[in-house]
Each structure stands twice: as structure tokens, then as C-alpha cells.
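Look for chain A in each of the two complexes below; its partner is chain B in the first and chain C in the second.
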Partner chain A sequence: MLKFIFHRLIYMLITLWLIITLTFVMMKNLPGDPFGESSQKLTPENRALLMAQYGLDKPLWEQYLKYFGNLLHGDFGRSFSFPAQTVTQIIQQGFPVSLQLGVVSLCIAVIVGLALGMIAALRHNKWQDYSAMFTAIVGISIPSFVLAPLLSYYVGVEWGILPAGLWEGPQYMILPALALSLGTIAILARLMRTSMLDVLNQDFVKTAKAKGLSSSAIIWRHTVRNAILPVITILGPIFVNIITGTFVVEKVFSVPGLGTKFVESIYSNDYTMIGGLTIFYSIVLVVVLFLTDIIYGLVDPRIRLRKGG
Partner chain B sequence: MSIRFHKIVSVAMVFILVSTALLGCAGKEKELTINYRAEPPVLDVSKAEAQAAFTLLNELNEGLYRIDKEGNPVPGLAKDMPKVSEDKLTYTIELREGLKWADGSALTANDFIYSFLRTLDPATKAPYAFLLGWIKGGNDILNAKTPEEAEAAKANFGAKAVGDTTLEITLEKPVAFFTQLLGFSTFFPQKQDMVEKAGESYGGDPDKVIGAGPFKLEKWNHGQSLEFVKNENYWDAENIKLENFKLNIVKDGGTAVNLYKTKATDVTTVSGDRVTEWKGKPDLVSNVEQTTTYIHLNQKNFPPFANKKIRQALSMSIDLQKHVDVVLNNGTKPSNGFVPATQQDGNNQEFRTVAGDTQLKYDPAQAKQLLAEGLKELNLTSLPKFQLQGDDIETGKKSLEFIVGQWKDNLGIEVEAVPLPHKNRVQNELDKTIQASLTLWGADYNDPMTFLDLLTTDSPFNASDYSNKEFDELMKTSDFMPDTVTRSQNFVKAEKILMDDAAIIPLYFRTSTYLVNPRLEGFFLQSLGYEFELRWASLK
Partner chain C sequence: MSGNLLEVRDLQVSFRTYVGEIQSVRGVTFSVKKGEVLAIVGESGCGKSVTAQTIMRLNPSPPSVIKYGSILFEGKDGVVDITKMSDKQMESIRGAEMGMIFQDPMTALNPTMTIGKQITEGLLKHQGLSKNEANKQAVEMLKLVGISNPEGRMDQYPHELSGGMRQRVMIAMALSCRPKLLIADEPTTALDVTIQAQIIELMKSLQEKTGASIILITHDLGVVAEMAERVAVMYAGMVVEQGTVDEIFYNSQHPYTWGLHRSVPRLDSNSSEELVPIPGTPPDLFAPPKGCPFAARCPYAMSICTEEMPEQFTVSGEHSAACWLLHPDAPKVERPAIAGGIRA
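Moving on to the complex of A and B:
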């Protein structure tokens, strides 16, 4: 077991190093410079002066070593775009918001998605199945950049029940979380349906029926518990996807999260911010995948036993 | 028991909901809320370079002068207009008595000198430091190679504090618009002990931001909002009517208008098709900026552009009125010269009023003839295909398409439209690798120099590689001419040369449109540097 963890750790470090290096190469190939709105107006002399002051005139390998060295010390540096703040501060401000939004929308997605999937499987080929799957297809086909503005306009302005944007309290969270969860609801519903149907046709379910178990016991104890495994496997990646993929929704609803910051840092060549956020997100991804493995083991004793042995 | 408990909970919840709703409404009545499309990167006089930062620094701080509704400087922290020496080189300025920083401490002439020197010091990395290069010795500090060199150069700096309340500023050369410039945030004072205490975090949080302006920063939720309250220590606090205001960072144009419609905000920008539904309503306000959109025709990379008749033909074959109607449809006026409307001429008049129409008029028939003549002069049967680059945003692409269509319809020539990301478009211009480029320039200061200077032979921004001796000569002699009347006339002459040569093809002066709550009085938008001004504003 220790050997297993050690191997994973090594792989994780190699992955992180690759990500850091690739990010460095790619961001150095971005056109332009990190000097904000005024960069168009800098004369070549003034630009050269600023480049020298930030050490951007040094050879690439030297910049890479410095960049890498700072990261090893956990120092992400100061943002070029927001010079009064460190990248760490920006992560501390933005991440909790993205996380909050991500958790709320994942909860919505899991509850609604699993329910839809279960209904569809239990009422296989009946109208409930068709309408649940129709909803799922609609959910997959409408991207959040279409859904979010529609929600903001219709629910926010036309019906006036919820705020059209901004982030000032719990009621401000509902629309962005909904917009963010629709796609996930659809994925989870379809996956749950397929998986349930699969399990319902297994011999042990038939045995359980023959034994005379109540249908709720069959569904909850035997079917759902088995059917939910593939869903749990993808929950980790889906969760990371949700908290990193909040850009559009954050922008539309003016949510002060990290997604917008990430995308903007790329547009503005904010080298330190791109580096810091990439690494931060990579770590989140690696950790979540690791946790998924553990949860997977908890739900399915077969896996736990195999690993334990 | 359980039912009773439920009842109590429900009643409590209804009570909480209703009371928060009421409180929310009560709060909204007083506070002015503004949408802004970007967060100010830093509220530091030296490091500011974004319009959001300039605009907010102007609310929380003040310069010797403040720019009024007409774009003219009026005394701010200065008691009076400056006393300017005969040779127009030395400005003597008296400060008001008893000036205070927002924390109540005294503000003196030295706070200005400290601020100027900090901006010029290469270690500060101030993007707008070049504006202070006009002060004598300024460039020596800015270009110093070592900290020792910078310190030595500081000793010979042309701006000095004489006592606590007098400033004496000596310029390198006469600068006609210098008083105006003193109203720009780069010339605001800074409080030394605050700057030093906050270190690198200066300008990033309310406790690390200080000014002497009408408002002070109370709260800053990064990425979300900034809240300001009236500064009781402002010299004219009794005439500031607005108790507070809040700026929400709203990046999406659609949401911004949604918030305006639900009364969650009082001021927002509105653009594109969204403008249409507000036409004719009192909320819609437009602002002509000192920004010109125009086309560069590079004469070296595409040799036919070196022929004047061909350039004129290209210029005269674009229907400018139709262009703004089709592409923008927000009331923007087509250009009638290079220097934008609302810009002054350096002699207290609007340049366009003085210069009139200088640009060649739309005339497809004559354009066709000019093209034929030009091609004949070059021994060409047709104009080779060339590339016109532009920004790959919505208006940029529409505009490219329209222009290429006009040239095809009116001149029968083939042009390839190349939409590019903003950074690539700009980089190609700076590298001068373009054939033709759809570009824009915003004024750095309120004087025609900031535009005309772009096309002198040795300008780094002359992406047309245009060169005209007469034009260069006019610009050189007028550059720092103390006689503002002749200077203004020279600029008119220079622009006429540029336009007659069709060195570039101006398209329109950028106009931005806003929705402003009609209850907001005394609020105005500015054409240069700052976006809006709240010092004279009040909510009815």
C-alpha cells in the first residue's frame, strides 16, 4: 500500500512538472506583453525599459529557472495586472467563491440528475423515461453561455423573482448554480439510467425479487448502490470541471470567482497569474482524483478488499 | 408540537424575508450604484494605467486642477490658475490653505514633489512616467541606469516646493496644455508614509489607499465591488452632495443592462443592438471620446500605397456615414479629419471648429478615376490584392467586411480582410509588418499633438511609413511653440496635408453610449482620461 502511494506521488510530481513546464512554454508563445491597457502606447524604448525592470529581457532558460525556483518556494509572485496583490491573495479571494458555486451546483446536479436517471430506468420506455431523457438531451445541448444570459434576462428581468446578477447573498447564488448544473444534470441522468438498467437486469436482482424483498429494498439496497458506482467515478472530474469551468457563468452573473481571473490572465499575458492558477488548479485536480479513488473504495467493498490485500 | 414549531419557523422566515427586503430597499434609496466593466488593477497614482484606475483616483484624490464638464481645468487643490512666466517655462502655483489628506493629516507642496519623483524613479516601473518627462530633468531620472544615477538626477529636478504651500514647476520646453495635464491623475499628490508603510501592496486595499479628493475608499471586495463614502476632510466637502457610491464590477454587457432594468444599478454602458430599445429615452447618454478609428496604409510593405492617387481613391470610396450606421448604429458621427471632435487645439478652442472639414469627401466616381490615374502612373493594369487587418471583435469584423465591400463595389478591387486578436493586431503595427490595418488611437492629453505626432517620419507609431517633409517640419516647429495661436494654425495646416495626402483614412470618432438614471444630476462623462465625474453629482 505504501509502495502504491509512493508511486502515485512520484507520478503526481512528474505530472505537475510537465504541466508547469508546458504552461511556461505556451505562455511565452502568447503574442504581446503583460503591460496592460497602455501597452499599445509604449514606445519601443519605454517597452524595453519595462521589460528590463521585470526581467523579461533575460534568456528564456534563465526566466524558466527563476519561475520554477519561485514556485518551489510556494511563491507565485505578484500579478502583473493587479500589482498590489499577490497571486496567492487572488486565489484566496476568488477560490472560495468558485468553490461555493461549484458545490451548490454539484449538489443540484447530483440530486436532480440521479433522480431523473432513476425515474427513467424504473419507468423504462414509458412516458416518464422519455420526458426525463428529453430533458437530459436539452440540458446537454444548451451550453451555459446561452442558458446563463437567458436565465438572467427572463428570471431576473422579465419575471423579476431573482437577481439578474451580482453576488451579495444566498439568493444571488441560485441562478448561476442552476446555469452551471444543467449540463451536469443531463450527464448524470443519462449515466444513472444506463447503469440502473444494467443492474436491474442482473441475476442478483432477480434473486432478490424471488426472495420476496420489498421493491424499495431492492431498489435502494441492491440496485442503486451498485448502479451509482460509475457515477461516483466521474463525479471527481465533473466536480473539477465545474469549479474550473465557471468562467462563462461567473462573467454573466458578475460572480467574483477564479474562473474569470484565469481566462483574463491569459488574455492579458499576466505570466505570474497564469502560472500560479495553472498549478493551483492542477493540484486541485490531482487531489480530487485521489479522493474519488478513496470514496470509490468505500462504496464498493470489492475494490477496498482488493487494494487492502 | 411539531406543527406549532413549523408555524413559528414559517412566521420567523417570512418576517426575516420581509424585513431584509425592506432594509434592502431603504438602503438603495440613498446609495448610488454604478456598473463598471473592469476592476481597477491598482489605485496608485504612479502605477495607474487603466481607465478604471484613473477615474476612481480622480474621485478619491485630486490634482492641482480638476477637469470640469467642458473639459477645462478649474482650481482643485490649487488656490488659483497658475502664474506662468513670460517664456512659458515656469509655473508657480499656490495651494489652498489648510489642505488635508482624508485621514486628517496636513497636505503640503512636498507631497506633490514626492509623488512626481516616485513616478519618475525607474524602480517604480510607472507606465505613465513619460508624462512627467516634460518637467525639466524628468527624463534624466526616468532613464537613469542605476539607483545612484537616479538619486543624482533627482537633485536637478525642475519641480520644487517653496515652503508648504507653493509649487514651482520648470518645464523642459513650453507645453501649451500643461495646466490641463496637471488635472490628470499622474500629477496627483501622494502621501509618503502611506506609500512606504504599504510597500508593494500600496493601492490594493482601503487601508492602503489615501487621497485628498471628494470621496474616500471604504470597502474593496476584489473582483466584485468598491464602495466609496464622502470625504469630510475634502476642502470643499460642504458642496459634495453625494454621501456615498458603489461600483459593481460587471463584465457582461447583457447583464449590465439587465441590472439597470431591475434598478440594481444607476449607471452602465450599453452597446451594440441593445442601444436600439433605449433610443429616444432620457436614460440614453452618449459621449464622444477623444479617440479616432482609422486605417493605416503601409507604403513600404505594399508599394502601390506610396502613390498618392491610389490612397486618395481608397479614402474617397468609403461611405463613412453608411459605415457608422451599419457597423455601430449608436449615433456615432463619421470623421471629418484626424483629430477627434471634443479635442481642443492648444489655444482653448475646439480643434474641429477651427480646422473644419479636412478629410476627402465620399465620391465613388472620382475615386474610380483617381485609381485609374494612379495605376497608370505605376504602369499597373490593376491593383494587386492586399490584406487589411483588424480586431477580431464584433465591431472590428463588421467594419472590415463593410470596408472591403465598399472597395470592391466602388473600385472593383479585391482586398482580403484579416481579423486578428487585439494583441497581434497591435504587435504587427508596432513591428510595421502590415499592409493595411484598421486601428484606433486614444488621446494621451487634450491637444492635437497627441494625434498628429503619430505620423511624423520617425514616430514609432507611424505604421503607415508615411513621410512628408513639409508635415514633419510643421510638427517640429510647432512642437513646443510658446505662441499658441500660430501653433494651432500650424496644426490645422499639418492636418490638411495629412488628409489631402490620404496618409491614413479616418473612419469615425469613437462614441460610447451609457444608460444613466435620469434622477442622477450633475453627473457627466469625460472624453479623455477619466470616464465619468461624480464630484458635482447628486441623486434627486
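Moving on to the complex of A and C:
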């Protein structure tokens, strides 16, 4: 198991390095510069001064080395659009909010999604199955940018049950988390249903039944653990999807998260912000995938043993 | 029950599907004596597995339905009719009084559970043992089925074991609660020939040790000759002939049984001789013929064969066959010598 983790760790570092380099190269190839090339207010001298101050006049490889060196110290640089703050500070403010929202959504999605999928599989071709799958189709078809305003308006404003926006306490999380999780609930429900049906038809479930086990023991001990494997594989990407997918939902509910910042930085060619956020999200993604691999290895003994991971 | 452990009477099992009803088992009657090995042979789709799984009520319902008949079993609490038991009652019979071994040991074990856990599961459920006692007994069982280093194996997962090993584990699991009846559904089909022989040997010796009755389902006549005392030959959901091994091998009466014998290679046959397959295919069980199901493939078919189902004609003692040729008015047909006519 240790060897397995070690190998995964090496791969993770290589992946991160590739992402950093690619982000750097692509960012430098974006048209325009952070100081607004069409802006007439800057004289060429001032522009050159600014470029020099941010080190943008140096050759690319030197910029790259400096950038990389700073990154190793956890320094993403200073935002071009908000010079008062470093990118790290912006992340520190915004990310906890996005993360909280993401984790709550993911928990809702996993619990509800898996439950729906299991019910659908165990009541295969009965009304419970049909209604669960109908819910799933609806969940996949309604995008969050439609659901979020609807929830905010009806539940928040018209009925006044929950706050329609802002971020000031646990009850403020419910609506955005719901809006964010519905699509994932649907995906997980469908995946779990297919996976359960597949496992229920396996020979070893018949073996378990032939042992005289009760149906609940068969379901929990023999079916769910095997059926959940493919679900775990996609949990990593789904988690990252949820925290990056908060852009729209954060905007609708005026949540002070990282999503809005990301979009803005792209519009304004804010190199350090784009680079910082991309790399930051990549780290999150890669770490989550790494954790997923480890969890997968824990649940499925066949993975653990394979030499070299 | 007069010495019988199990009596299956006129069992009819169907599967309801979207396109219609498949009559998989159409009136099967046989019995299993205490401590005997009964083989059920027949080609794929003849209903032998469905019959076996119905005895343990393992077929999911729906789609499967027991349409008629009874399965009497002499359990701990006297004779019970399996077809009338509730699911809850079946749980206390399965594993405890009947065990089952499946065809493919590669898929019949849970890949995410250790061997030890899978064996002790049944013990914990049926025998009310503590975890320690159950573990001890599981190690005993592994030793009994000839697995080396049983203590170490307890913590291993199925993928760490070979096919033959896994089948031994399956046998250990099925026998862990000392059931009176062991149903082995093609236990050697998925194994290498050398391993097949070992598994057969193992089952024979365990059967002698525990005195359990075995229903052995197979299409391998070699395995039958090796293990069984009595044989039931099934075709298209019916038992067409049954009797002792000697009767089925040396004095078979049903043309289908002859066909089976002729399609098996023999050591004493001339190497230039070709095997004779049975021409045609079994009837469609969506709409089985009203006469003898084998009539369409039978070289001896008479006009009555397609019209009316033959009854079970008694040949001698417990040897019976469902074939019109045994009717006193039927023309005498010489049994082909190659169909098991010669005593080895």
C-alpha cells in the first residue's frame, strides 16, 4: 500500500509541474496585456515602467523560472487588477466559502444520489425505479442557472422560507447547495442504479443468498460495497466540478466565493490571478484524484496489490 | 419419506418474460436418498440448473414462478415443502441444511471480502458461534478441503487464489454448516481437466466423511460415472430417463440417452470412428410440443410420439424412461451397441 501511495505521489507531482508549465505558456499566448493595450491613458514610458516593475520585460524563460520559484514558496504573485491584494490572499478569502458550499453540495448529492440509485435498483422496473429515474432525468436536464434563480426567487423572496442570497450563516447555504447538487444527484443516482443492477446479477450475490443470509446483509455487505466502486472513481472529478461549477450559483446568490473572481480575472487578462487560480484548482483536482485513488485502493483489494500502482 | 431426504414431485417452473412464458421445468419428479449422489445430466437449457436452484429457491421471483408441484425436504424440524416456505423460513434452510456450489469459482466469490469473512458469514448466521469459534471452524473447513496454510488464507482475497483453490473455498463454504444436502451445479465445468479430477476426488471423500446427499448437475458423463450412484437424464424441462449409474450406462432405454452416450468419446473405440452428434436442436420452451419433446430429433419416432406425451415406463425397480418404445405394442428396437451396450 505504501508503495502504491508513493507511486501515486510521484505521478501527482509530475502532473502538477506539467499543468504549471502549460498554464504559463498558454497565459503568455493570450492576446492583450494586463494594462489594457487599447487604453490611451498610459504613456509608452509608464507602460514600460509597469512592465519592468512586474518583470514582464524579461525574456520568457527568466519569467518562467522566477514564477516557478515563487510558486514553490506558495507565492502566486500580486493581482494585476487588485494590486492591494496578493493572489494568495484572494484565494484565502474566497476559497473557504466555495469549499464549504462545494462540500455541502457534494454531501447532499452523494447521500441523495446513492439512495435514489439504490432504491431504483432494488425496486427495478417498479414505480419507485421509474420515479427515481424521472427525477434523475429532470435533474440532469435543468441547468443550475435556471434552478438557482427559481429557488432564490420562490423559496427566498416569494415564500420567504430561506434567505434568497448572501452568505451569513448555515441557513444561507441550503439554497445554493441545493441548486448546485441537483445535477450531481442525477448523475450519481443513474450511475449507482446501473452499478447496483450489475452487481445484483453477479454470481457471488447468489452465493450469498445460498448461504442463507438475510436480504439486508446481502445488500449491504455484498452488493453496495462492490457497486460503489465506479461511483468512487468519478467522485474526484465530480467534487472538483462542483467547486468550480459554483460560478453561476455564487453569482445568483451573491456568495463571496472564488468563482466570480476567476471569471473576472480572465476578462481583465490578470495573468497572476488566472495563473494562480488555475494552478490552485489544478492542485485541488490532483489532490482529490490522489485521495480518490487511495480510497479506491482501500475499498477494492484488487487495486492495492497491483505492482507499482 | 422412507429414507429419502428430498422428493421433488411433478415440479413445474416457468419464467415470465415480456415476450411470453418460458416453461423451463415441465413436470420433474425425482428423489434423493440420504447419503447418495444423484446426478442430473442433460444439455444446456434442459432445465437442470433451474430445477436445482428451485430446490433452494434461488431463482428470483418474478420472473420465475413455481407453477405446480412440491419439493419435500426432511429438515431439522421434520418434512417441509420448500415450495410453500416464506422467504424468511428459507433463510434458515439455505446454507444451514442445504449448501450450493456454483459453476464458476472465479465469479462466485465476493472480490472485496476476505475468504475468512465469506466462510464465517454462514457460521455466524446459522450456528450462533462467536467470531473466534467461527474463525476456528472456518480454518478447520479450509483444512478439510485440502487448502495449505489455512490460517493465512483466511485473510486473503479471492483474486489471490487459483481457480481450483477458489472452488475448494466454495466447497468449504457450502459445507461449513454441515448441510444434509449439497447441490453442485456443474462444479468442474470451469476448471482445468487436472483440477477437475482433484475436485471430484475431494467431493467424493467429503461426501463419505459427512454423509451428506449430493445433487450433482453436469453435462459431463465422465463425472457422472466417477461420482454418482443414480442418474436422472433431463431433456427440454423433463426427466426422460432415470436409474442407477449401471442402468443408465449399460442398459439405457431412451433414445436421447443413447444419443448422449454416442456423442462421448470412448477409450475402447476405434480411433477412426467418428463421434455421432444428436442432430437438430432442443424444442423452443416458449411453445413446447405436445408430444415427446425429443420426437423431432429421434430416429425411432413413431406417429404417436408427436401426438402424445409418453408416460414414465418402469423398466425395472427404480429404472424408468419416458419413451413410447417401451410400450408393449411398440416395435422392438435394437439398442445401438455403441450407446453403452458393452460392459467395460
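Simple rule for what comes next: the second predicted complex is superposed on the first by the 232 of 309 C-alpha atoms of A that agree within 3 Å, B and C clash if a C-alpha of one lies under 4 Å from a C-alpha of the other, contacts with A are read in each partner's own complex, and residues count from 1 in each chain.
In this text, a contact is a pair of C-beta atoms (placed from the backbone, for glycine too) under 8 Å apart; a residue touches a chain by one contact, two chains touch by 3 or more.
Remember, predicted model here, so these are calculated numbers, not experimental data.
Visitor: Of chain B and chain C, which one touches more of chain A's residues?
Guide: Counted on chain A, the partner with more touching residues turns out to be B.
Visitor: Tell me which partner A:Gly113 touches in the superposition: chain B (first), chain C (second), both or neither.
Guide: neither
Visitor: Contacts for A:Gly259 in the overlay, against chain B (first) and chain C (second): which applies, first, second, both or neither?
Guide: Touch partners of A:Gly259: none, neither chain B nor chain C.
Visitor: Determine, under the contact definition given at the top, whether A:Trp167 touches first (chain B), second (chain C), both, or neither.
Guide: first
Visitor: Output check: A:Gly212 vs chain B and chain C. Expected answer is one of first, second, both, neither. What do you get?
Guide: So A:Gly212 only meets chain C here.
Visitor: Check whether A:Gly183 is in contact with chain B, with chain C, with both or with neither, and answer first, second, both or neither.
Guide: Touch partners of A:Gly183: none, neither chain B nor chain C.
Visitor: In the overlay, answer first, second, both or neither for which of chain B and chain C A:Gly276 touches.
Guide: A:Gly276 sits against neither chain B nor chain C.
Visitor: Applying the document's definition of touch, where does A:Gly236 land relative to chain B and chain C: first, second, both, or neither?
Guide: neither
Visitor: Help me check something: in the complex, which residues belonging to chain A touch chain C?
Guide: That would be residues 202-204, 206-215, 217, 221-222, 225-226, 299-302, 305 of chain A.
Visitor: Hey, which residues of chain B end up touching chain A in the complex?
Guide: Against chain A, the touching part of chain B is residues 39, 41-44, 47, 49-51, 122-123, 125, 127-128, 130, 143, 200-205, 208, 221-224, 248-252, 254-255, 258-259, 261-262, 264, 421, 423-424, 426-427, 430, 444, 460-461.
Visitor: In their complex, what parts of chain A are in touch with chain B?
Guide: Touching chain B from chain A are residues 30-32, 35-44, 46, 49-50, 53-54, 78, 81-85, 90, 93-94, 97, 149, 152-153, 156-157, 160, 163-167, 251-254, 256-257, 260-261, 269.
Visitor: Which residues of chain C touch chain A in their complex?
Guide: 56, 58, 87, 90-96, 99-100, 102, 104, 107-113, 121-122, 125-126, 157, 159-160, 170, 173-174
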